[in-house]
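Next up, some structures in structure tokens.
Each of the two complexes below includes chain A, the first together with chain B, the second together with chain C.
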Partner chain A sequence: RYVRQLQRLQLLFSPTAADARGARQFVEEAALDFARRHPDVVLYISPCSGPAPLLLAEYLNGTVREELIASKTSEEITQLATKLAGQSGLDIIRIRKPFHTDNPSVQGQWHPFTNKPSVLTVQGPRLQPQ
Partner chain B sequence: MVLLSAPRWLRSRLTDRFWRVQEVLKYARHFRGRKNRCYTLAIRSVRRAFVKSTKARREKKRFLRALWITRIEAASLEHGLKYPAFISNLLKSQVELNRKMIADLAIYEPKTFKSLAALAQRRRQEGFLAALGDGKEPEGIFSRIVHHY
Partner chain C sequence: VAKTSLTSPPWPEVKLPDPVEEAKYHAEVVQKVNKMIATGQYGRLFAVVHFASKQWKITSEDLIMMDNVLEAECGDRIRMEKVLLVGADDFTLIGRPLLGKDLVRVEATVIEKTESWPKINMRFWKRHNYQRTKIIMNPQTVLRINTIEIFPCLS
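Presenting the complex of A and B:
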């Protein structure tokens, strides 16, 4: 079953600033639709007199991503919010390898004595290591 | 905004200089000497570093393939086979594993690699018999080709 990695979205904007106009329009028109379409994401809307309107996204693995929404239209903010809702909280850096295993070796990893006769390592009552 | 004369456009000052410089210096932090601190020296080194990294992506493929071949050669010599014999006989027995997988098997799955080396050795012997025996003995078992189409 699909578990959405986005935990909560906090929309911080100021009720009077000019660059928060898109954020205010988003809150009035599109926020409810967004919340209905993504029922497992908690949407917090807090008007505050901060410096710039922010969209804070918190993920299940603890990463917090801040996106500036100053001077953006309501549609752009919805697109951004849907993009964040589809992401997981992993860092956005170059992936070195497209595969990973915790147990790479099933038969035992090679060491210099794997293909040598066991006379070299066995210590018994009669056999001595050479 | 059209600012047509000097006293009008000199009113705007560059306030972002610190961040524009930091954007370049952050890629130079692990360099040696003054080029990790001084902007003029750093842009030159950073540009060369980026160019070298784009060109090296083609070399990386060649380098890794050579590394895999070295590892497979070492592992097959442990089992008494040379690399050209090993690879050619594996291909003739229709085992289409690439060098990366064979190298990983040789490191992490030594018994599987031993069985692959034994297969290549058996196919080699059958090849010799087919070439030298001249048609009187039956064909070898591992020399049979399976058509998947």
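Presenting the complex of A and C:
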């Protein structure tokens, strides 16, 4: 049971700008292949006269990531898109531990008194059987 | 010969039991553990697995992150071999060094393939006007351990 964390990918580019050439080539050639390879990601392509071509990725958490695709070839854009499709919406910051468990101890957590004889049988200086 | 402080070693002398009795005891213990596994009397299982040049102690529903790229796509099920240790509440199975594949089965799915946070690699020499910065982002994979199963085929 695997749910992809990427919700939708919005491709904003303008059909006349010079730096959106890679985006236009991607839309013509590789967008269909990408959509078929990732059937659970919705791909919106909207030509708009914005300042620069953008690739918006929205995740199930609600986080939105914007990536510039100005002056990039279509192969680079496909690589970027596959990388975004594999990510989840968590912030990319330093994570302290590379593992996470909900049940860290199965046989009981170790404390200094495990595997030691109990107090009653140990012959101390004061404890004498009376 | 007189007994000095160095005639016998300072640790207490341990007498090993008879080998025949040992073998009987071992067989009994093995049968008991087999029966327990077959009837399914264990609760949570944990395992020590050697993966990506590191040893991890894992239970089910566990998250693990590697600093490399696996050749599996997101959502693929992976079976991990190289299991060193399997334990439950009452018994543990220790391998020397590995356990057999027909004894244990550890399954995991690839959840995420991201990059790490941008690490700064800087080289600086003083008084030489030399400064180079490089931002490194390693690819990472996140796995979730689904199940750990054991089968009663000890000997």
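Criterion: the second predicted complex is superposed on the first by the 97 of 130 C-alpha atoms of A that agree within 3 Å, B and C clash if a C-alpha of one lies under 4 Å from a C-alpha of the other, contacts with A are read in each partner's own complex, and residues count from 1 in each chain.
Following the convention adopted for this analysis, a residue touches a chain if its C-beta (ideal position, glycine included) is under 8 Å from a C-beta of that chain, and two chains touch if they have at least 3 such contacts.
The structure presented is a predicted model; accordingly, all values stated were derived computationally and were not measured.
Novice: After the superposition on A, what does A:Gly86 contact: first (chain B), second (chain C), both or neither?
Specialist: second
Novice: Using the touch definition from the top, say if A:Phe99 reaches chain B (first), chain C (second), both or neither.
Specialist: A:Phe99 sits against chain C, while chain B stays out of touch.
Novice: So in the superposed three-chain picture, is A:Ala18 touching just chain B, just chain C, both, or none of them (first/second/both/neither)?
Specialist: neither
Novice: State whether chain B or chain C is in contact with more residues of chain A in the superposed arrangement.
Specialist: On the superposition, C touches more of the residues of chain A.
Novice: Is A:Trp110 touching the first partner chain B, the second partner chain C, both, or neither of them?
Specialist: A:Trp110: touches chain B, not chain C.
Novice: Go through chain A and flag every residue that touches chain B in one model and chain C in the other.
Specialist: Dual-contact residues (chain A): 106-107.
Novice: Could you please specify the touching residues of chain A with respect to chain B in the complex?
Specialist: Listed in rising order, the residues of chain A that touch chain B are 104-110, 114-115.
Novice: In the complex formed with chain A, which residues of chain C make contact?
Specialist: 43-46, 56, 58-59, 61-67, 74-75, 87-89, 92, 109, 111-118, 142
Novice: State the interface residues of chain A toward chain C in the complex, per the touch definition above.
Specialist: So the residues of chain A touching chain C come out as 2, 4-5, 83, 85-88, 92-95, 98-103, 106-107.
Novice: Per the contact definition, I'd like the list of chain B residues that touch chain A in the complex.
Specialist: That would be residues 75, 78-79, 106-112, 114 of chain B.
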